[in-house]
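Would you mind keeping the following structure in view while I ask a few things?
Think of it as A, B, C, D, E and F in the order they're written, each chain with its own count starting at 1.
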Amino acid sequence: MRRHRIQLINPNTSQAMTETMAHTARTIASSRVEIDAVCPKEGVPSIEGHFDEAVATLGILQQIREGEDRGVNGHIIACFGDPGLLAARELAKGPVLGIAEAAMHVASMVATRFSIVTTLPRTVIIARHLLHRYGFYEQCAAVHAIDLPVLSLEDGSGLAQQKVREYCLNAKHNDNVGAIILGCGGMADLAAELSEELQMPVIDGVGAAVTLLESLLNLGITTSKWGDLDFPRNKGITGPYAACLNTPSS
Amino acid sequence: MRRHRIQLINPNTSQAMTETMAHTARTIASSRVEIDAVCPKEGVPSIEGHFDEAVATLGILQQIREGEDRGVNGHIIACFGDPGLLAARELAKGPVLGIAEAAMHVASMVATRFSIVTTLPRTVIIARHLLHRYGFYEQCAAVHAIDLPVLSLEDGSGLAQQKVREYCLNAKHNDNVGAIILGCGGMADLAAELSEELQMPVIDGVGAAVTLLESLLNLGITTSKWGDLDFPRNKGITGPYAACLNTPSS
Amino acid sequence: MRRHRIQLINPNTSQAMTETMAHTARTIASSRVEIDAVCPKEGVPSIEGHFDEAVATLGILQQIREGEDRGVNGHIIACFGDPGLLAARELAKGPVLGIAEAAMHVASMVATRFSIVTTLPRTVIIARHLLHRYGFYEQCAAVHAIDLPVLSLEDGSGLAQQKVREYCLNAKHNDNVGAIILGCGGMADLAAELSEELQMPVIDGVGAAVTLLESLLNLGITTSKWGDLDFPRNKGITGPYAACLNTPSS
Amino acid sequence: MRRHRIQLINPNTSQAMTETMAHTARTIASSRVEIDAVCPKEGVPSIEGHFDEAVATLGILQQIREGEDRGVNGHIIACFGDPGLLAARELAKGPVLGIAEAAMHVASMVATRFSIVTTLPRTVIIARHLLHRYGFYEQCAAVHAIDLPVLSLEDGSGLAQQKVREYCLNAKHNDNVGAIILGCGGMADLAAELSEELQMPVIDGVGAAVTLLESLLNLGITTSKWGDLDFPRNKGITGPYAACLNTPSS
Amino acid sequence: MRRHRIQLINPNTSQAMTETMAHTARTIASSRVEIDAVCPKEGVPSIEGHFDEAVATLGILQQIREGEDRGVNGHIIACFGDPGLLAARELAKGPVLGIAEAAMHVASMVATRFSIVTTLPRTVIIARHLLHRYGFYEQCAAVHAIDLPVLSLEDGSGLAQQKVREYCLNAKHNDNVGAIILGCGGMADLAAELSEELQMPVIDGVGAAVTLLESLLNLGITTSKWGDLDFPRNKGITGPYAACLNTPSS
Amino acid sequence: MRRHRIQLINPNTSQAMTETMAHTARTIASSRVEIDAVCPKEGVPSIEGHFDEAVATLGILQQIREGEDRGVNGHIIACFGDPGLLAARELAKGPVLGIAEAAMHVASMVATRFSIVTTLPRTVIIARHLLHRYGFYEQCAAVHAIDLPVLSLEDGSGLAQQKVREYCLNAKHNDNVGAIILGCGGMADLAAELSEELQMPVIDGVGAAVTLLESLLNLGITTSKWGDLDFPRNKGITGPYAACLNTPSS
């Protein structure tokens, strides 16, 4: 049986978060899958708004290009806002999944409604927009923000983890939902333990994306190149993105 | 690595269609998965409306019960209307997927919009209702009916297959979509060939459901028993369904 | 003027609840209408989830068949989830109404927004799905569950009735609505008293369905047999449902 | 059994159209109902846009006032745009129905989808807005305009009637719907004949409103005066509308 | 550069409120714009429901007619329910804006979500309907009512102003919004001060409408007369509205 | 009266298109406004997909930064996909408008429904997503693509202009709309002529954005810094975007 190489792109520059997510991804991936965990050398240390997403997209597209050149078979954008998702789908030959969409797809298969627990309040609007874009808006009861920045998940104090747990417990008892989605890649390592403690699905998008991407690879289905996700037309790009198109994919 | 046993439930009584779908399922399943393909002994030979779905649900729930007793790990409802899906999720310990939802999830990961090609016009309303329920309504450009009954796919004449192909070609050129979903389990064997010919994803729900169900099993995530998909309360059921609850699951 | 015979189908096996609803139905029906109140001999004692609805649907369709054979002119499915509604519409010559849809139609004619008071929390999702399906979602402010099972309405303690009253009062004062719908057939006898006490429309679906069904009969309009609600195609059904089609309706 | 007196308000000044609608209303009404058919002395001869609706609303509210004073039990606004509906509900003690909403409620009880055939293209937007307001938008496949003014229905040539018939036939064969709504009160007399010819429900709002209003009267339910449809606060109105509030209703 | 004359129509008969709004309008208008502030001689002293809106519409349309005859270039309907907006657009040659729509357009340009603070609870439904009609429903977090009548804003006690301030502060801290809309023309003079105090956009529709109307006039764009907002067909109107059409505009 | 300096950012590198748009902008702007028309030195020559938008966003944000440093009062993103709009709003002190949203706001003020005429079919999905995001989806009848690339508008042949005209004429006669939006900044110079020829509003987003931005500046309202559009948190960005944050705005 064919082996797959999946590129896990952490769009921020945090090496610690990349490792947290890579560990989760490797725990979930089947034995026939190899995980390449990467993050950009330059960019933003964490993604907490639309500006941060724009910065991150630059790194994501460069990693997509380099990954494709290295022969990876598919890509994961491991930030809960799914930044640059459609641009990455245009650029890549292999399938591309965001961790937010992956978590939402999985939640909708095991519960009639779910809540999301995320980091800063300013990211809530990003989750809302994705829920609308993907069609899961009516299935989401609430998006809760613990009001701590993303990197607090890596500060070693455990405070952020404690708040995530509290918000999940509250959501379980007040939101009338059957599942909870962890709204940040940096929470990937909490899903198993919280699922066990709460006795309900607490879903991490990194694991969800790894296994859904395997699904697409097993099906032999990749981003459609018929229509609006076709490869970008190369019209003579200049500047930092130019390298993305200099190895024609089609 | 743990092995999984997946029950593929064809809700109609057609043995030929069960075999067509089992073949596709086994082609897609990874080496660690065993497919139990079953269909009810009694019921309706094909499912082409709401009454047929009600009939089929009876058989589905009995197969869910028997499969759980045999120790299968998850279930697929292999009819494009996803009949009895939420009832089955209540009844089963393992995860349950319908082939319509599975196909729609996959389509939404590889294209911004898709069309559906189904059998009789009277089934179009069922697809529409599912698109709304699941949240994919805005992503679906059109639901086309070839206006032939389900069993014409098994009559050996090839006429239905020819019409499916024609409708897919028309959808490709007129609907401004990136993917096409085959809206009947009996079309499962056409997806690979049509994808190749049309050079775009033509998605079959049976294969999609097999691999998405593997994803859930790999993640260790099953239907939430917290909330509205909890096991049915056993209040002393009588009649043909009584057996479904006589081996308490919880 | 023509007389009408309306079959009131209680889809659960509770004789007490059948009588409660029959009494309400007869109070509302005009003098030219006769009410046949029936319930299945076998099935589920109360309906509190999707599995229960699947069980109930079997009995409903058999009653539809028998009622049509007896010459009834129309049918009411007297469970707030409207189980099997579209299947019943396919099967019957006469019009079929569910009590949930009936209550929602009436509420929308006398108030700009309404709330629903139902029994167990796990039935809330069923009401939500109906609100979406029927188009009344935006007109519903909240669905409240008293968190007692359906049959507590028949236990003689009056506790459930007391909680219904409390929840209705709360809805009146907090939900900014003009009407309240009682979300269970077993609450049918409370509507008049609560309307009087709260001085606002408290709507019971049984009464609503009786009178709306009379409306359809007076108009001479029944379920359209052009299109997707046409009679089921009889393709050789076997098993418990077979009898439903053995007296061809068309 | 109590008798009911229903006021049928034709909001335009056409006596011929008032009579057409009164005839239909009396055919549908049960023997315990008396129909008062009225139209304003001054106003607009036909209603084909938002300005016309504003003009018509003045007359409607005056008729509501006068009807209440005369002791009628309920009111029908017999123009397909349901002009002034919520204002009339505030003003009246008895229930008020518009013929557009009535037709849509009935259509949604007998078909999964319907189309509308109306008069001038400029009225299509009014039907669209109502479909959204009432929640029936997804159930409407198309709104077709015959492109003739309302009064052409009364010119004796039969041309408008012929075009209505053609558009209904086209809708039957092309729209994948189970019912058709006649989108003008002046088409009330065509419904029975077209239903017979097309062998599918062709629904007229006047008849629908008469019988639904009877339903409300039988249920003893009227417009909620708790909340936003309460009687208008009388703050010292002056001008043509002043008379509407000079007989305090509350 | 061309000068513009804008008619600010206060649809109620309160001269004090007309002056409040005229003052705000003149503060916002550019030097090339002249503001004609008018209110009807007869009608309703404040607008707090659908009946009041119907009354007000009569005066609005007469002012539109008179304003057009005087040569004004555009019109503002200065009541937060935008009464008679589409009728006014049909009647007028120049563009017409409502203050509710104007405030919502502006809010959506400077924040991802907003709340509304209005007067009586019974007006909330009017704001909701407008949010749906205009497409801003998802962008509105909440509509809060201070539960005081419109004219309390003119009673000199300052109580209503104090409550508006309190509700704005609460909305800022609880609604997770970036802007607040003042939901009554009589609050126009509070926007600047509250914006300053709350350090976030507090938007008044009168100022918003003045400047958006200037935008349309600068663009040379007015209500489309192609299609459903074309001038009303003059079919021989009689009664109080007749004068509106006696100076043909087209 | 205060003067305003508005930065018109053409996000592609075409100098010709920048000049076309600057010319239109200056024609529309009032005498108190100065237009700074800029385009990035590096980037993509035209924007026809999500990848192109990601590239363009880099240049847009750098121009926002430089413009703010130069003291401009507001910004226009002059590409019909409104790329980077929310990121730009976070970064800038002054208000920011996209030309797609501006055109849609204006269209909704002068017509009940509109159509869009754009360039390549692959950009249609971008317009659809914006229509949903902004809330104008129901008001848009159709998005038509002339199937020519953006730069064909600058090739001097007039072919693209001819096709735009044809598609506008078709939309006028077939779409039942009152206005047409030109879906590309490069079509800015066609709006006046087409409006004249078609005798209906043909709306260009560049002019619309200039005048709406003036409105915001006149109102003294800018992007809310309370909530999710607050300035980006500066967490130590590195790489090409770093310069955007090195002149702290807050």
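Assume a contact is a pair of C-beta atoms (placed from the backbone, for glycine too) under 8 Å apart; a residue touches a chain by one contact, two chains touch by 3 or more.
Chain identities (UniProt): A, B, C, D, E, F = Allantoin racemase.
Computed from a predicted model, the values in this text were never measured in an experiment.
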| item | value |
| --- | --- |
| Pair with more cross-chain C-beta pairs in contact, given B-F and A-B | A-B |
| Chain centre separation in whole Å, for subunit E (Allantoin racemase) relative to subunit D (Allantoin racemase) (CA means) | 30 |
| Whole-Å gap separating subunit A (Allantoin racemase) and subunit C (Allantoin racemase), where each centre is the average of the chain's CA atoms | 44 |
| Touching two or more other chains - residues of subunit F (Allantoin racemase) | 86, 89, 112-113, 121, 124-125, 132, 138, 176, 227-228 |
| Each pair of chains that touches, named by its two labels | A-B, A-C, A-E, A-F, B-C, B-D, B-F, C-D, C-E, D-E, D-F, E-F |
| Of subunit A (Allantoin racemase), residues touching subunit C (Allantoin racemase) in the complex | 112-113, 138, 176 |
| Contacting residues of subunit F (Allantoin racemase) [partner subunit E (Allantoin racemase), same complex] | 1, 28, 30-32, 86, 89, 95, 97, 101, 105-106, 108-113, 134-139, 172, 176-179, 192, 195, 198-201, 203, 207-208, 211-212, 214-216, 218-229 |
| Touching residues (chain side subunit B (Allantoin racemase), partner subunit C (Allantoin racemase)) in the complex | 13, 40-46, 48-55, 57-59, 61, 84, 86-87, 89-91, 121-125, 129, 132-133, 149, 151, 227-230, 232-233, 235-242, 244 |
| Residues of subunit A (Allantoin racemase) touching subunit E (Allantoin racemase) in the complex | 121, 124-125, 132 |
